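There are structures below to look over.
Consider the two complexes below, in which chain A is the common component and chain B and chain C are the respective partners.
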Partner chain A sequence: MSVRDYLDRLTGTGRADTDAGAPGDGAAGTDLGIVVGLMLAVYVVFVAIGVVLGYDTNGIVNALSQVTFLTAVYALVVLALNLHWGYTGLFNIGVAGFMAVGTYTMAMATAAPDARVPGLGLPIWAGIALGMAAAAVIGLVAALPALRLRADYLAIVTIALAEIIRLTYLSSAVQTFTVFGTQLGTGGGSGIGIEADPDTVVVEFLASVPGLNVLFDAFGSVLSGMGVQQSVINNWYYAFVLLVVVVAYYWLLQRIGHSPFGRVLKSIREDEDVARALGKNTRLFKIKSFMVGCSLMGLAGILWFGSYGFINPNTFLPQVTFFVWIALIIGGAGSNTGGVVGAAMFAAVLFELPRYLASIAGDTGGLPSAPPTFARAVGALFDLEPLAFVAYGIDNIGPLRLVLVGVVLIVLMQRRPEGLLGHRKETAASIGLSRPNRSRETTDATAATDGGEEQ
Partner chain B sequence: MGIADNYSRGRRLLVERPGQALAAVVGVLLVLALFADLAAKLGSGALGVGDVVLLAWRGVVNGLVIGLAGVGLSMTYSILNFANFAHGDYITGGAFVGWAVAWLVAGLGEYDIGSLLSLGLGADVYAPQLGTSIFGAPLALLLGLVAAGVGAIAIALLIDKLVYEPMRGQDGIALLIASIGVAFILRYLIVFVWGTSVTSVADEAGGLRPTVGGVTFSFGYHELTLVVCAVVLMVGVHVLLQRTKLGKAMRAMSDNQDLARVTGIPTERVIKWTWIIGAGLAGVAGYLLILEAGTIAYSRGWILLLLIFAAVILGGIGSVYGAIFGGLVIGLADSMSIIWIPSDFTKAAAFALMILILLFRPSGLFAGRTTA
Partner chain C sequence: MSSDTAGSGSAAGDEPTAESDASGADTDAEAPASATGRDDDAGVTATGREADEVGAHIDGTPALAVKNLRKTFGGITAVDGTSFAVEAGKMTGLIGPNGAGKSTTFNLITGFNRPDSGQVLLNGDDITGKQPYEIADRGLVRTFQIARELEEMTVLENMMLGPQHQSGESLWRAVTPGVRSSVKRDEEKVLERVWEMLDFFDIAHLAEEYAGNLSGGQRKLLELARALMTDPDILLLDEPFAGVNPSLENRLLEHVHELREQGYTFLLVEHDIDLIMENCSRVLVLHQGKLLADGEPAEIKADERVIEAYLGGEVE
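Then we have the complex of A and B:
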């Protein structure tokens, strides 16, 4: 029996198996199917709930745009974090800090010199580039000393660094300051406005592109004919743009993950000593991976929080980091598709669905008014008025939702620590392990020479 | 150890780890510079002796809370081998349970039980009406103290049973992530029951104001209560760990869990005791913190958590004395750094201190003295 036969029997795949083992290639179709299917399922559930409970069209369409927006921004950050944790095994829980650096730098660079919080008055693209660069530089500063630490120490260092960053932006000492005769500022505790916020700029730009604007007008008139407000339609435009950015992130990270560089990252994750023994300068690889991930987090922060038009330091509390982590863990660390799926599951099912249900329940009425305190709500239970207790729960859906998030996280860590799509078979070899077909063989050969290259 | 030994040790340090030696020298010089600056400020009258003593006293009070809570974090870190991010919420949980009981006892019969247990959330009963200070309602406060400890222990044991016990074999990172889930559950259940508002639960108690050499000092009675309770509990933990078999078993387990098990140490029972001691101290620390601060809020313990981590790392993970010492250093650094840097940055300074310790001496200042 040949090795080939043995492997086939072991994995249960027949000879007719078309998956040539080139990572990502064979699975790409199903991966896209998973993500699109999941998003469609989410939309159907939201629309069905809205229609059954008699919610108005504008409300439903608005909720769907919210879900799409949140899914997209979470997917962006999760994909960036996946480069750190999923590929390189760097336990970074300072995500909020790196997003803060990116977003604040962009805000400070683009704010008008005569605004309440003065800035440099640069155009938005320069602000975005500066923001990404600043996040990468802070990532470098964190990475240089910290990457030799144990995973749990790195966790504590990164979360402490994120808090230092947040407290610095909160400080009144840097509310406004002068560098080389130019006035700059962070706005301190009262925050900083972003006049050229990404969603306005992007939507205005797209509407001005000939050809696209016709499409936009058609889309807009259909929706507004259904009674949807213009602001909601604009949210949809921005959500579409974000989905395109998600695809770009996904493509970039797939490329990184399957390049020789990415293979070294994965070997560091599995066993850093082995990677070092093979002559790889693992420190350099970790620093590069950390910096790239941080700058992607910076951009994600700009597209996410920047689009609100206003940020303050408390936008970047540590719990933002934990939300991103939970999304990553739901999807499965190490899998980019898993990251997107996790982001959708977290944003839609855990984050938006409870709020959506509560707001419908609040709108449609039928419930008694909520008791002011938990003790009164429990008292209502004793008085055989369970509906009053339910009303209290709906009134306090915010905290309950986060309790649910905690429960899901624990159950996942106990039952399925690899997440929904984690730990899929990922071929580390640069040549396919199953019988290659002719055309594949040539591409694999070039990949092999790449892999042997000095890093 | 003779001078020659010391000399050769120092020489070896210089040769083998120049970076660390340099960092140590810079650190010592920085501390000297800070003291010289302090002396100059005192001399020029920019700062009074009374101010410095007040800051130092505040530092000690906060440091003892951090140290007391840190003992538990340090023990679970070394014995269960994971950084428990829910520890801050055990502190908050204990504090809320303790104060609810204290209010119940103080106002029983006079006010509605629901209002008392809600800690006045419905705006129908207030701390001054109940007189919840150590003079106004000593018995209620004592019972509250006990309830805080017992409540936190109950929470910790229940969570250990439900969450951590099925995960014993998993690595520290998995447990760390699970503990973040636990933190979310505890914190937002507290919000669900008691809301997000900052409520005043402890009544004013006044304090001692002795005047020595023309300088008036101020020591609040609640602060003094906190200091006395914390010191008594720390001595108690010391005796427990040094004089009983439990302490020895804990040290054995933090060194090598498998070896401890084959030598017949009932590891599960030791883990339970670790939670009991650690969570009990955390709950009491939270309760005392609220007594001294006067107000309670759901995020109290979570905000304190990073400072506690700083203390534990500074002292060396697993070292009980290290946690207490680290707590005092972090408390003093947090309160006294205001002399030299803007008040916005005192917390950042404490975190920076922790990062530096992690980078240059990750085993902490009390390295090698685990659980002792």
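Then we have the complex of A and C:
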């Protein structure tokens, strides 16, 4: 406080905007430092492991692009979920459902009318807008009855809704159907292709922008000079785009959080009755918060699963929701920066790193073939063939990752239940809240002392 | 001018004093030196109100009236056909043994429970069954029996939440570039009132503290201060002195009296009968959901039925 006052006087800034806790430059600078530092550390670890184990450049660069992609898409969904849970206290465990609505709507809107699964043939931008709108509307449908209920009931409603959505898309009844004479379809169990997948479209669009294309060419030629394949370079372009979208999400959610609107959301999280007693129409605030979060989830789904070029109902299993929740819990609910950090920790360290190690081990060889069963693998230990045991582990890295996630969660719950950055409480106001300077200058001595004690 | 005043935006229309307050704040913004003129701090908001409030109710309409209010929970009749009125600018006490229906009555008045039958009139307008936020918006604000703070929010944030209809409570205003700067200007005005109020209640030194870290008594102060930030006409205080040490109790009482002199109307529920008798000009006694007695403290003290109710005797 006193240091800040001192700095205030030094710089002669009359405004309180730069106070800690407010979205001032100081706080934003540290946060950016945390995120960039973490990502750089992740990159260094990946490169170091790759180099030490003799992985080829293309493989390393590809792994880094994968890490960046996953971190970015997780960050998007975690940020959206943080608006629901971290700010408003809405226990939404139907994240996958809202992502499904966004992605499917976009896929159905952009598919060509004569494709295997016919669509409306709209351009990608219209598809994205429709997808976000649809996710918001489904959010509203879920919210209207459920937000009257207590938090745990909302959880039940959302997860049920997410499964209903998934099973609806799976149903053969809507595989293809006709509305107002237009043929449409979800593809049922066999899924639907995304012709205008954001990956390709966005990269093509950027490569056509004058100025940007020069930058892209330069970047591409450096990488291809290092022996990196074009597809990997394209993945990097898309990862960059996603990082920009993450920044946009972050910006939007910080603004929401640091505003009177965000303050009401926070008060709903803390004690809704108090907010009502203070004259806030809490239902309306909850609905708005829920719809905005859902539409952001819809867009995140499009950018994530849409970029694979094909989706089917099993893309949106409940485990997607739980992974996102784990990332939010690791990072710390209530903090947007924490959300991004949690996304990076989960996607890069817990999820991608084990797979990376496994694929290096598989590529470079040198391991004996994996025993077919766990018993045989343990048996190999007793036969003094530990490498066979390791090979078994690498062979089953998918399930083992979940074990790792579980262990990390248990340790976190014991040591740091609020998450990595959950202890940081961000002030919900658009301005710094220290005593306004103009009264401080003149009445500091009088107001603070005599305005208080004597009364 | 009234359209851009932060907290008092809505009230500005029908309360001339609210406007003059806001314009006062505006001039302050231009001339920092005049800040010394606000030595009596929160009094500024309120001194102006006095004449206004009293004038508004000169016709004799009670500030708050309930008629034949009834509420049952399952087989229990919590409030059983209660009627009473609360005079504007006065402090009225509501007492009764445990389970007499005091808190339920509060909940029925403030919209947290819906009465089975009966009416609640605020300045003559029927507000029965309205939502709590609508009732608070009309100037009737309550506090809770057990101080309910927003624990993971700072004292400042708690206070900033109070004012009604802040421009930044609209989502698009809060995020749209350009428009947001007007939100910030409104926030600065709110912030100024917040600090005045904190000074008035002598809790400015706790401003940056999380509400969850405050002591019980400090929470009571904060809750009252926060309720005042909504710019209410009537305050319903549910056991504001429970669990408060005697010196803090005296301070709270002083504040309440000062506010009453400024024109606020109070209805308080309290268990401490002596405290009610000494401080209220009128006392309502509830017993088993019914109004047992209604009168000046002296009358109530002499009332046989009240004594019996408190000593657990039979009531006819």
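FYI, the second predicted complex is superposed on the first by the 401 of 455 C-alpha atoms of A that agree within 3 Å, B and C clash if a C-alpha of one lies under 4 Å from a C-alpha of the other, contacts with A are read in each partner's own complex, and residues count from 1 in each chain.
By definition in this document, a contact is a pair of C-beta atoms (placed from the backbone, for glycine too) under 8 Å apart; a residue touches a chain by one contact, two chains touch by 3 or more.
For clarity, every value in this text was computed on a predicted model and none was experimentally measured.
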Which of chain B and chain C A:Leu402 touches, first, second, both or neither: first
First, second, both or neither for A:Thr182, with chain B first and chain C second: neither
Contacts of A:Gly279 with chain B and chain C, given as first, second, both or neither: second
Partner chain in contact with A:Asn314 - chain B first, chain C second, else both or neither: neither
Contacts of A:Ser221 with chain B and chain C, given as first, second, both or neither: neither
Touching partner for A:Gln229 - first (chain B), second (chain C), both, neither: neither
Touched partner set for A:Phe91, first chain B, second chain C, both or neither: first
Chain B/chain C common contact set on chain A: none
Residues of chain A that touch chain C when the two form their complex: 1, 252, 255-256, 259-264, 266-267, 270-271, 273-282, 285, 288, 292, 334, 425, 427-431, 433, 435-436, 438-439, 441-443, 446-448, 450-453, 455
Complex contacts: residues of chain B adjacent to chain A: 82-83, 113-115, 117-118, 121-122, 163, 166-167, 170, 172-178, 180-185, 187-189, 191-195, 306, 309-310, 313, 342, 344-345, 347-348, 351-352, 354-355, 358-359, 362
Chain C residues touching chain A - in the complex, by the definition given at the top: 28-29, 32-33, 35-36, 38-39, 41, 110, 112, 131-133, 136-137, 141-144, 148-154, 156-157, 160-162, 164, 166-171, 174-175, 180, 183-184, 187-188, 191-192, 194-195, 199-200, 202, 204-205, 207-208, 210, 226-227, 230, 251, 254-255
Interfacial residue positions of chain A with respect to chain B in the complex: 91, 145-146, 149-153, 155-157, 159-161, 163-164, 167-168, 170-173, 322, 325-326, 329, 372-376, 378-379, 396, 398-400, 402-403, 405-410, 413-414, 417
